[in-house]
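Attaching a single structure in structure tokens format; questions to follow.
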């Protein structure tokens, strides 16, 4: 089976992952409308291709918060990578470094931050944080990340409670006994989403700011109003995201929300987007609409499921080639 | 089989109800366009989710015509509950009381109003009335309901004649011999829809007003013009409804009609809506568009078909949980 | 099998007619887009139902060009009724008279005008005319119709050449040897569509006017420009028609074209419409948009195929009942 | 099997061509969205048919760059005709001459320009050019074409790199050993698309102009901006094209792009269009929207695959008949 495009990796993962793991990664909230809209919305956007421009040399490198990456595609934070590949987040970190791009490690990793750092020293990494009811646990985690050289702090804003993912409920989804949310082992005996704090507000950005010198990126913004609030509360970056359609169903597709967020932000902070990226041309569309960089979630998992870090590199390389070709063909 | 969302109950009911009963409840008029539009129209409405609001405590109680209910979902009037569960409307009444919400009992119940009242004393109930050619029969019925403590009178306005439901005609639908439209046994030897009076007009609201001190709610309004007329004729509430798409096919979806009715009413009376509610987020959309409360029809039947009053409570509890989660995730 | 709605008759006809005959009646030009659009366009039109109006008595009779019919649905001209039922157009004439409505007999009938007249004396009938290259033949035919008491002359304007109906070409469609286009037997040895005159223009209306005292109705108008021309050339009526989608594919649906034709005509002549009527509510929509009456083509054939004149009466009666019910429910 | 419309030829080719050849001709870039949009966009355009015009005599001849063709449909440049029929482009040239229309021979022909010329002396032919990194090779090719009597030079502007056609990658598409890109045999040992020059710009039009007296037609324009540039750089014609959806996916359908190109050009040069033509009525739509002539790509291949030059003539004749009929029926 030739791996030609990202859907080939999706098909592979669907075929070879245990059903419960596939369902977990594939899940969207409720009717999965927003999950699917993320993809459909890209298809509705049309290029106006220009001809006869010299496209013999193209530079696709970019910088995010000052760090150069080889092309504008990073790895979005997703949990439980060991469900996809034995080495879990360590493989993810290695692949990201090999491709010279940014990997946002999730609080809900199945490797510790220390393991992730050790697996790929020198790689560009950000750390994704949920704020727990036990604030001390969150603070400790964040400071470990900073000490380990993570270069950005990504606060996920759209998960005061977990969205309703029907298949996970039907499957009684839980991690297999030999996997753990290792980052939180010390803080909690049992790790459940219900430990997250639903009372978090914009003021907690100030609290985070007081704890770290890392740039703060807020993830989960979908409206101009919240984009304005984010800028005013001093974040350095915004990831337009609907959590892959896993939280509130029937909100906007991220590429549609990107437009209004970019407009509201007016260049004051960097704006990124995740959700629905399946082709290099999607990356080009997101950039044309004002994103500085995109992040991929499920496609990264499919790459891991295919061949660990090598598979994830394949996914990134395909996106890179497609992105470069799209740029050339669009002029 | 895990009962995770309302469609699980629908699938159960379709599988286990006798075909003739399933067809009766599922039926829409003509091509069932409006029945299906009721659902599709909700899907077309998109949230603009807001982040980082304190959603640790949420109060989802509301009041309808002065009575508190535990959350803004009541039971719409539908006929023939014994077709779904042996105890029929008695189970419905018990489930509604257990969940502390409002149940609108139909004229076409298979239990008497007295049986319904006795089954769940103290529950909040309204009585749904059709006006018969034999006005005395309607008057007697209404006064029985008032005497039994029903707290509202719901006049159905959209059934001068019964809509054309093809499957019912094909099946030769009629109640099995051991079931009866018990409320009307005394008044009529044979109970047929043709006993309803197609000459009812707005002036008959005055006639009803003269007969009862109960608040009058009119059900079946779909246009701003009729909403204005309803307010002017002194009703206390309006249920935006198209009878579940069972009357005139190819009219508007109720959630679309709600918008213009709410605009016309300008807060002078309470506005409710039924039809197409399948998820907690649908409830949130209806409320965001101005409804004070929604009512569910077919999903209540599916709950009954699953496990009687227990099944109906399951349905209501799922909606309640989903509604609360949607509120939190939408900020 | 219960015959509940028009699609039941369609299914019956598809099952029991010889494939070559079914294909002939069902055929649309090219990709059948317009044929199908005729139906889809009705579905896109939404009612605004009004409530609490006295609908106990409704008068659904109407007059077309001064003649009363029992309800606003007539029989459009279609050819070769013997392909559907042995008695052919004689049955059609009898059914139309029994239902007290208007039947437009086609030039391409498999019974003579004399047979049609004799089959149902006193019925309201119009005659549909194609203009042949041999003008004398057309003139003779028209004058026979007038002499036989036909009360209107319908000139089909959209068939200078026959549309491309792929299945007819594949099937090598032709009438079986025992059927004939009897009206033209005297005029032509072989009867082919290529005998029609593609050079007909608006001036030929004056020629027709000079030959007959019958009102002239022009069939096949789809634009405001042609509607204006029709009025200026002195016709008494316009049938908005695209020949059931059998001529130019990808023109407008007739119900959409009706709107602009009605607007252009401004009441100066009567406007009718055919194509896509499948339910009584479609009739109501057409009337609400300005048609004086609608005509049915394929559904009449399905009725004939089911049980001859009795089957056609069933079809008409169903439309009548559905039309009356729609009026009541729409208020 | 009767060959009634172009899809019959498509079905034949799909059935009888080797899969690898079928896939090559059918391929679109990425998700094939633009390839399919080319067709769908035609379907969205609606005629406004006019009646009672004298359509007994119609002249469908036209002139392109001064040369008369029998009807406004030519053969677009496509490569590798021997994959469809042993005689390859020689058959194409014969069919085009027999139907008295224009054939644009591709650089990537499997016959030499000399063979093509010899196969159908006197036929109207244009030559399609890619500019190679080895400019001398392109110049030599162009001058051979001019010397052989080709009457126009078509510069393809949308292929700085080859689009990503997934099936070709999966199939490992390459020409079978006995076929060659004969025109380039002398210039290159191995012929690959990577020999094309991605640094071509508008200024290279001046370079081409300096090499030939032939009119230059630019192919691949999709925007008003590029249309304006093309006119300013002195081309004689523009082919609105997206390379059959084989280059950048999710750009505009060509019939949609035609509108803005025609508007920008304001008659200063001739405008043609290719992509998505499947019926004679599509040709009429393109002409109504301002194209002087259309070109067919895949349908020509299907014709060749059916019966070589005879099959291609069938395809052209069907389009011609359908085009004439559409003109008559549209008035």
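For reference, chains read A, B, C and D in written order, and residue numbers begin at 1 within each chain.
Keep this in mind: a contact is a pair of C-beta atoms (placed from the backbone, for glycine too) under 8 Å apart; a residue touches a chain by one contact, two chains touch by 3 or more.
Per UniProt, the chains are A, B, C, D = (S)-2-hydroxy-acid oxidase.
Here the structure is a predicted model, which means the values were calculated and not measured.
*Asks:* Shared touching chains for chain A ((S)-2-hydroxy-acid oxidase) and chain B ((S)-2-hydroxy-acid oxidase)?
*Replies:* Expected: no chain.
*Asks:* Can you give the rotation angle that fits chain A ((S)-2-hydroxy-acid oxidase) onto its twin chain D ((S)-2-hydroxy-acid oxidase) by Cα atoms, in degrees and rounded to the nearest 5?
*Replies:* An angle of 90 degrees brings one copy onto the other.
*Asks:* Counting shared numbers against all numbers at the contact of chain C ((S)-2-hydroxy-acid oxidase) and chain D ((S)-2-hydroxy-acid oxidase), is it over half, same, or under half, different?
*Replies:* Different, since under half the interface numbering is common to both chains.
*Asks:* Centroid of chain C ((S)-2-hydroxy-acid oxidase) to centroid of chain D ((S)-2-hydroxy-acid oxidase), CA atoms only: how many Å?
*Replies:* Chain centres of chain C ((S)-2-hydroxy-acid oxidase) and chain D ((S)-2-hydroxy-acid oxidase), defined by C-alpha means, are spaced 43 Å apart.
*Asks:* Indicate the whole-number Å distance between the mean C-alpha point of chain B ((S)-2-hydroxy-acid oxidase) and the mean C-alpha point of chain D ((S)-2-hydroxy-acid oxidase).
*Replies:* Chain centres of chain B ((S)-2-hydroxy-acid oxidase) and chain D ((S)-2-hydroxy-acid oxidase), defined by C-alpha means, are spaced 62 Å apart.
*Asks:* Could you say which residues in chain B ((S)-2-hydroxy-acid oxidase) touch two or more other chains, in rising order?
*Replies:* Within chain B ((S)-2-hydroxy-acid oxidase), no residue touches at least two other chains.
*Asks:* Show which residues of chain A ((S)-2-hydroxy-acid oxidase) lie in contact with chain D ((S)-2-hydroxy-acid oxidase) when the two form their complex.
*Replies:* That would be residues 2, 4-5, 43, 45-56, 279, 281, 322, 325-326, 328-330 of chain A ((S)-2-hydroxy-acid oxidase).
*Asks:* Could you pull out which chain D ((S)-2-hydroxy-acid oxidase) residues touch chain A ((S)-2-hydroxy-acid oxidase) in their complex?
*Replies:* That would be residues 30-31, 33, 157-158, 160-161, 163-164, 166, 169-170, 197-202, 204, 218, 220-223, 225-226, 229, 242, 247-252 of chain D ((S)-2-hydroxy-acid oxidase).
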